[in-house]
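Paired with subunit B in one complex and with subunit C in the other, subunit A is shared by the two complexes that follow.
Showing the complex of A and B:
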């Protein structure tokens, strides 16, 4: 149990916003992400990044260390993008001569790169909100309402469940190999890793068979029938819906007003 | 009345090895029956015959006096009557949440959703797992997973519950909680069949014991009869209950006799010792 407490899944199942209506959170995240993506200036996306980050850390009470780590990957990606955009994109007057290969940071390159960085961070914070405050299990019922084919949802459900079982299995095997000095040199590591992978494949196969027998024992006939959950769109409440609408409209107006703003 | 009866069932693997040889097993209604046997004796194979997952190569399996039919419709009925709880709860719990897993069986029985919800609620309450509805199985402890697996079967309202090593891998407290639960369910009228290695627990709960070894039943009867046959017990790689073993040593080594047959449970031993002390 302790193994999964500080993972994405652990936070998704126990955070400050756990009991807020799932649809409300999904709407909020998707609408805000869209506003962030259509914005023509970096101001609104950065604002969104700030607001959503505050929501995640102070409202959902996700550890800020974990959140920063989570956001580090997209940030590095966005930063590299920004640098390349600034140097290689755009024509127009140079802002800064680099002095090698005649390279220079141009004004529109810089602006475009910075806009992209802002949009990535804004959009990604919404995605983080989605991932950190909604457990997968509840997203499945949202998927169902979105009329995503049953077979896809069933596959996703089984995959989700078995990720954790196999993770456990892999760790056990890995520790046992380590105990027997399986990773003491590069050569041995490769060999051990190969054995682990092939063993896992066989175990997966066997486990699949056992699960099938257990499911058959409970009258499984080829399709997993699920119960519809209680939380629905109607449960969001008018007050919350209006709040959401106002928030998104203000953001949209913001993008319109700041449309021509840029740093240089 | 015998709710489950197997008549001379033989089960052969495709390569011809016999996993079960002429097994005659009966489970009387409302009893707890224990199946003892070493690893690889064929306990799980026998269990899979009770709800028609495996079809015997020869012989027949009767549920409520009727021979199991192996067409889909018949099988569904049998599987509803005979619920199997598997040894490893991770093989049984496949759904992303506890509630969805417990609802799986009843949903497959095409019950209306209201009824399913009612059953899930009462099954979880019965095993003491109320409040865990939305949890994913990997956030539960071993004992909790086991209880959810039992709830998943209970929600189908079976007449007979078959449990493969229900206490294996659990801490002592978890194990006795499960046994207590089974005992209570049995008092409410459910027939329970368990396979186990835990010879200390068996005499407390079971009214009839079968010993399976190398695919054959080598001994059957009440706990007293079965554990009196010490040679057979040891030949099957089993042992006497600890308290019985103590009584045996006291008798054979120290010539202190508390009366034959040796007591099988602590309660019985206590009675005998007190009696002796008073004399």
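Showing the complex of A and C:
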């Protein structure tokens, strides 16, 4: 839970790439993510991972410790999955006999697992780029231009705000329960966690009712208006667009050329 | 259990998006109808979504000793109905991807299909069935949460083995399901128990909310309130 505290939102609002056109950043992240996704060899996704990581740490000036913490979750998952795929998802010739239960690491299993590891790391670096360089409020205005229904965007905006408010309350309640030995045994943990969650539900419900009254007294007519700050699609600039296109084309050609490449 | 970004081949990403989007669109239409009729339900839906997100970020002690988090889709479906949950789940999944690096953008369709559609629909059907059969709300919500979870995992296992049918769909499915059986079956039971505790507290403290959401019948709400007094 410590992830939430201030850091992620804080970085999104004050990083080295904060003033770059939002649409430019979104196009870059999504296109690169897609190239990583369609790649059939681990070369290009790993290259993408390297480039985007460099952008995040050196250009956006996000602390590398924080970035590593963000990427640790997908990396651990990808690693476990790699081992699993290497052992259980091969039909080809064995690379390494494990000596137990007749299990072996196979060539095709290893290659598939490694490809997935590369794609997961490539994709998540793009995701981190989105999350760490663009404030959520800016993303909402991009969603608006994508013609996502107004009601969904409003729900998302309200939810985003509430998540941080409620996390605060959850932490307070949790610490208070913990100091009263509420989590000292399994039985107590269940009781405490149940109380915590149900209280949270009731509190959130009451908050929801109050917020509606507060919004109504401030002329709420059923829609929330937002203002986007940095840029529109039009003022990305031709130079930037060409740069982006060249970058993505080079990557795509790269995926085509390295398509049949693998470690073994 | 979220499918991570970059894990599915691109054509399966497209396929699951194509299956999930019509259901989400239906959910959006339903939410639009409700919020136009009752404007005060909009902030309530939003806090419900935030509640689901936070529920899924709580650490839950489980019998196997490991820690995991509840997915909250069973409780969500019983409280708000599966149509609304499919939309809320999609938003929650976007936030989980961006804030917690759980799941992903290209796998959003697949994840919403298993966690936002199949799980909640099953949970909701079981809840309705249990209530029709006259079982107690606690038993109903337990079964709904557990089965909702299990069907979510079965769907995820199907999605993964369709994407990686090595050597065949069937044998890949068996491999994924065996892993899930070890890790997720106890977790689902743990979540079921937790959901019962949550639901019973809400029933004790604010039965009126459950009546308004049409989870309980008005006379049941009155009976519980009278008992509490």
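Just so we're on the same page, the second predicted complex is superposed on the first by the 223 of 264 C-alpha atoms of A that agree within 3 Å, B and C clash if a C-alpha of one lies under 4 Å from a C-alpha of the other, contacts with A are read in each partner's own complex, and residues count from 1 in each chain.
Here is the rule we go by: a residue touches a chain if its C-beta (ideal position, glycine included) is under 8 Å from a C-beta of that chain, and two chains touch if they have at least 3 such contacts.
Source: prediction; values computed, not measured.
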Ask   = When the two structures are laid over each other on subunit A, do subunit B and subunit C clash or fit?
value = fit
Ask   = Regarding the shared-chain residue A:54, is it in contact with subunit B (first), subunit C (second), both, or neither?
value = neither
Request  = Return first, second, both or neither, reflecting whether A:249 touches subunit B, subunit C, both chains, or no partner chain.
outcome  = neither
Inquiry  = Touch test for A:89: subunit B only (first), subunit C only (second), both, or neither?
reply    = second
Subunit B versus subunit C as contact partner of A:207, first or second or both or neither = both
Inquiry  = Between subunit B and subunit C, whom does A:103 touch in the aligned arrangement: first, second, both, or neither?
reply    = neither
Inquiry  = With both complexes overlaid on chain A, does A:137 touch subunit B (first), subunit C (second), both or neither?
reply    = first
Query = Which partner does A:197 reach: the first (subunit B), the second (subunit C), both, or neither?
reply = second
Message = On the A-aligned overlay, A:71 touches which partner chain: subunit B = first, subunit C = second, or both, or neither?
response = second
Query = For subunit A, which side has the bigger count of touched residues, subunit B or subunit C?
reply = C
Query = So after the superposition, what angle do subunit B and subunit C open up at subunit A's Cα centre, nearest 10 degrees?
reply = 80
Query = Which partner does A:112 reach: the first (subunit B), the second (subunit C), both, or neither?
reply = second
Ask   = By how many Å are the closest C-alpha atoms of subunit B and subunit C apart after the superposition?
value = 10
Message = Let me check the overlay on chain A: which residues of subunit A are in contact with subunit B and also with subunit C?
response = 1, 4, 136, 158, 160, 165, 207, 211, 215
Partner subunit A, residues of subunit B touching it in the complex = 48, 51, 53, 72, 76, 79-80, 83-84, 86, 88, 90-97, 99-100, 103-105, 107-109, 113, 116-117, 134-141, 152-153, 156
Message = Help me check something: in the complex, which residues belonging to subunit A touch subunit B?
response = 1, 4, 9-10, 13, 135-137, 140, 157-158, 160-161, 164-165, 168, 207, 210-211, 213-221, 224-228
Query = Mind pulling up the subunit A residues that touch subunit C in the complex?
reply = 1, 3-4, 8, 30, 33-34, 36-38, 45, 70-71, 73-74, 77-78, 81, 84-85, 88-91, 108-109, 112, 116, 119-124, 127-128, 130-131, 136, 149, 151-152, 154-156, 158-160, 162-163, 165-167, 170, 183, 186, 189-191, 193-202, 204-205, 207-209, 211-212, 215, 222
Contact footprint of subunit A on subunit C as seen in their complex = 4-7, 10, 13, 28, 31-32, 35-36, 39-40, 42-51, 53-55, 57-58, 60-61, 87-88, 91-92, 94-95, 97-102, 104-106, 164, 166-167, 172, 175, 179, 193-194, 196-202, 205-206, 209
